[in-house]
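Take a look at the structure set out below.
Note that the chains are named A, B, C, D, E, F, G and H in the order they appear, and that numbering of residues resets to 1 at the start of each chain.
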Amino acid sequence: MNLTIYLAGEIHSNWREEVKVLSNNLSLPVTFVGPMEDHDRSDNIGEEILGTMPNPIFKDSAASDMNNFRTKVLLNKADIVIALFGEKYKQWNTAMDASTAIALDKPLIIIRPEKLHHPLKELSNKANVTVETIEQAVHVLSYVFE
Amino acid sequence: MNLTIYLAGEIHSNWREEVKVLSNNLSLPVTFVGPMEDHDRSDNIGEEILGTMPNPIFKDSAASDMNNFRTKVLLNKADIVIALFGEKYKQWNTAMDASTAIALDKPLIIIRPEKLHHPLKELSNKANVTVETIEQAVHVLSYVFE
Amino acid sequence: MNLTIYLAGEIHSNWREEVKVLSNNLSLPVTFVGPMEDHDRSDNIGEEILGTMPNPIFKDSAASDMNNFRTKVLLNKADIVIALFGEKYKQWNTAMDASTAIALDKPLIIIRPEKLHHPLKELSNKANVTVETIEQAVHVLSYVFE
Amino acid sequence: MNLTIYLAGEIHSNWREEVKVLSNNLSLPVTFVGPMEDHDRSDNIGEEILGTMPNPIFKDSAASDMNNFRTKVLLNKADIVIALFGEKYKQWNTAMDASTAIALDKPLIIIRPEKLHHPLKELSNKANVTVETIEQAVHVLSYVFE
Amino acid sequence: MNLTIYLAGEIHSNWREEVKVLSNNLSLPVTFVGPMEDHDRSDNIGEEILGTMPNPIFKDSAASDMNNFRTKVLLNKADIVIALFGEKYKQWNTAMDASTAIALDKPLIIIRPEKLHHPLKELSNKANVTVETIEQAVHVLSYVFE
Amino acid sequence: MNLTIYLAGEIHSNWREEVKVLSNNLSLPVTFVGPMEDHDRSDNIGEEILGTMPNPIFKDSAASDMNNFRTKVLLNKADIVIALFGEKYKQWNTAMDASTAIALDKPLIIIRPEKLHHPLKELSNKANVTVETIEQAVHVLSYVFE
Amino acid sequence: MNLTIYLAGEIHSNWREEVKVLSNNLSLPVTFVGPMEDHDRSDNIGEEILGTMPNPIFKDSAASDMNNFRTKVLLNKADIVIALFGEKYKQWNTAMDASTAIALDKPLIIIRPEKLHHPLKELSNKANVTVETIEQAVHVLSYVFE
Amino acid sequence: MNLTIYLAGEIHSNWREEVKVLSNNLSLPVTFVGPMEDHDRSDNIGEEILGTMPNPIFKDSAASDMNNFRTKVLLNKADIVIALFGEKYKQWNTAMDASTAIALDKPLIIIRPEKLHHPLKELSNKANVTVETIEQAVHVLSYVFE
């Protein structure tokens, strides 16, 4: 049984690498999918495909068409979703992806530092598991296969 | 036809009053529901009902049980959801309520100042309508009834 | 038992009036809802609420936000959908509303002149009933209540 | 991960070939499915299987039984739907297939020339992405795999 | 709490009258809906609305458009379905209505004489309750309100 | 807004009375529904309607047809479910009703004494709220309306 | 793409063999599943597993537990359902399987002799395709793959 | 066709071994999944991953996050669910898993000793099959493949 896992979260750091390395070390039978991690490419993809937009709002809207399309395709295929929150960035798209996972009845792990417990309390409460580190998240994953 | 509208968003200001007043002025046949607006009550409701919790995280978890319960009851009854975003506060619970509305196929209006267009781009893209002011949101509502 | 009926179709003629008059004559216990019938208002509603858009495509997109929002609210409340097709206009939005009704398991009546049977064949095939005149459509409605 | 893509649209030209060639050039891990592309066969399939029908309307109805059956089988298996609109033909069946994709929560790309933006505005608004050329559509597809 | 009950079954006898009388005697807060009970009208409704059909099969198909439309409208509104089977008639439409109720998660009572237990065994097994007489069916209904 | 609440739990004591009295004192706009509370009637209802069964297992099966039918009718109408667990009785039917509520996305409050926290841990974890007394449960309900 | 097809219908003749042979001749990439075809085994399976039942009704009920279990497992895996009706037997279970397919949005082909058009009219009307012979049904299947 | 089967039930004995051995003997094409069977590990997994909890109730809650996460992942992948009940232990989580299976329309076999027929009557009634021994359960499984 191989499971597909969608990694939702900011695309400014390469936290996904840590998830993959740790999962690989444990030989977990999982495949990871996620958003476009090149931040500039992600922001520009609308204009890259459709041409220059009249202003930043339309530029963002076009990019979101593409990015939401990609997310929907990959999230639809996911068996599990992991959503990471950090102290930087608004991360409303991360909250959206996590909430969508819950609504689609896909098991969800939230990773967040302890100091963010208060603003994340409602989302945490609806998620299946909330942990503080990537290590703990992978620990939860491996527990599924034991 | 009377429609029930869930007002999702921060509970630090009384922005909901403005929505209600404007809707009332237009005699829109709507009923508004929303979260507990007394911020301290909302944060303390877990301990108010279940007693003191060991630490702030458990306190938040207990409160979220109650608040998410209330939200689910009222959101389930809503025909429309309006979610307001502002520059203060993390508002991850607002993003969660808005995303849940989308997943439940409930029509959603997002209200956000223009300067927040970038971090809200993905959520805006999936919402039905995005406007900048409460006035515009009520304008959209009244358009439904004309 | 009062039923809500969504009338999908072009907003250039006042065909909905005929449906309402005929239903009224038979005292059918029904309530009719539908799109904004003032065609210019419908096309301009995006700019009316959000301000001037950079070009016609963005103008249309903004208007569609509002119009699709209205349709979703009202279609969600409908027990029955009637979709009228005529020889003028592309009517792709009508086809979309009719198809959405089918997907949502809402009983659908299609009204179309005989000469349109060929391009409408697939949609007709999935709809519950296809008739040629408004009179026949109302006849079908009244049959439900006998 | 191999994805199945349903190509909805007119069967008078061989536009699907272009989609397949461009996707192949990029070695995208996709499988394409679609309707019967032999237009006469598609129109006659009802009579081919069930025998001569009394008139063109019944002939069309029988053919639509078969064609809608085929579409439902293949669309059910699709992970993505691409719907192409052109200036010729009514294309109400294309609008129906596109709308069904949206209702089934399957990611949808609409390809349409700019001059059709107005009659397609509502459907475009509900689709995930709207582009003008097949090349742009394939560009969106490849973005999913990067 | 008033409940709507769909009475599925043959339209050759007036068995529904007995259900209504017995329920009335117990003052059960229920509303009954069902198919067109005038058998000839039911068979002819297609031609009545659309005109003469080329042969009996097309006549039946047109009538079924109307009758299935009516059933879907009323069954969608039902809280409970009662399906009666007797020794006469094929009753495949009754089996279809009963099965649809099960699939839509609507509580179902089957009424059938003991001697039909064998051909109805699979459907009985999936229904919530199987009884032999209308009296027993009404007894089950009244049990809900005690 | 009046809400319907299903009270799931043992039918050996009259704990539901306490819920109703406390809710009444607070004038909560709620309607309570639940199972047959006469325990012997509940156990005998199968034989009462269908006649004597060959052995206790068939007697139970017949009774469960009726009781599950009643539960499904009333649970389908519920906006909220409250499930009470106590130290006596197996209460597997209570666990079933509670789990069904969760699966149907109906907000659920579990009431259980603290000493039952261990065997109820998984169900508690999936429920929205877990409290220890009826008073606390009603406190949660009233919080929804403030 | 290999498709799974559930063959619903009487188990007194070996009509399924003809479907398999014809499909094989055309090398259709399909897998067929269906009910237990040994009629006595099918009727006795309840007693075979659980022991002798008190009377024929309980015997049938136990057998139906097993047979409906098998049908649900296999029908859940099916991409297409073919239901065959003949002049012998009540075939209410066949009507049930066909109706379940429709409710689960699985494409359905009904095979029935012309003389059964009247009692099957409602079910035929909701099915995707109705043909008269196995050959025609296989013809429809092969059309999907062309 | 290989089917995945979730084995729900107590984790104090190794009853699952018997299911696997018997299924293996019959070479059934099935894969078994289930909960963590090391009882202490299951109870401690919350603290193992997240650290010591303030008291036993929070310890149980954390463990249930992990265990319910694991169950949801594996139950989502299951084609069939078997739930075993015995005379020891409260088994409310087993009742929950069984009920979830029913709600998700996954075929369910309940194994329970005859003497537990009364407290399990409602759950048994909603399950597809109820047997008394593991042998009988495997017998039902093998019947699917014959």
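The rule is short, and it goes like this: a contact is a pair of C-beta atoms (placed from the backbone, for glycine too) under 8 Å apart; a residue touches a chain by one contact, two chains touch by 3 or more.
Keep in mind that what you see is a predicted model, and the values were worked out from it rather than measured.
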{"item": "Other chains in touch with both chain B and chain E", "value": "C, F"}
{"item": "Those chains which touch chain H and also touch chain C", "value": "A, B"}
{"item": "Contact-richer chain pair [E-G vs F-G]", "value": "E-G"}
{"item": "Pair in F-G, C-E or E-G that repeats C-D, with over half of contact pairs matching by residue number", "value": "E-G"}
{"item": "Distance from the mean Cα position of chain C to that of chain B, given in whole angstrom", "value": "31"}
{"item": "Between chain H and chain F, distance of the C-alpha-averaged centres to the nearest whole Å", "value": "23"}
{"item": "Chain B-chain H separation of Cα centroids, rounded to whole Å", "value": "39"}
{"item": "Where chain B touches two or more other chains, by residue", "value": "65, 68"}
{"item": "All pairs of touching chains, each written as two labels joined by a dash", "value": "A-B, A-C, A-D, A-H, B-C, B-F, B-H, C-D, C-E, D-E, D-G, E-F, E-G, F-G, F-H, G-H"}
{"item": "In the complex, chain G residues that touch chain F", "value": "54-55, 58"}
{"item": "Residues of chain G touching chain D in the complex", "value": "1, 3, 79-80, 105-107, 109, 128-132, 136, 139-140, 143-144, 146"}
{"item": "Of chain B, residues touching chain F in the complex", "value": "4, 31, 33, 36, 45, 48-50, 65-66, 68-70, 72-74, 76-77"}
{"item": "Residues of chain B that touch chain A when the two form their complex", "value": "56-57, 60-61, 63-65, 67-68, 71, 85, 89-93, 95-96, 98-100, 102-104, 114, 116-126"}
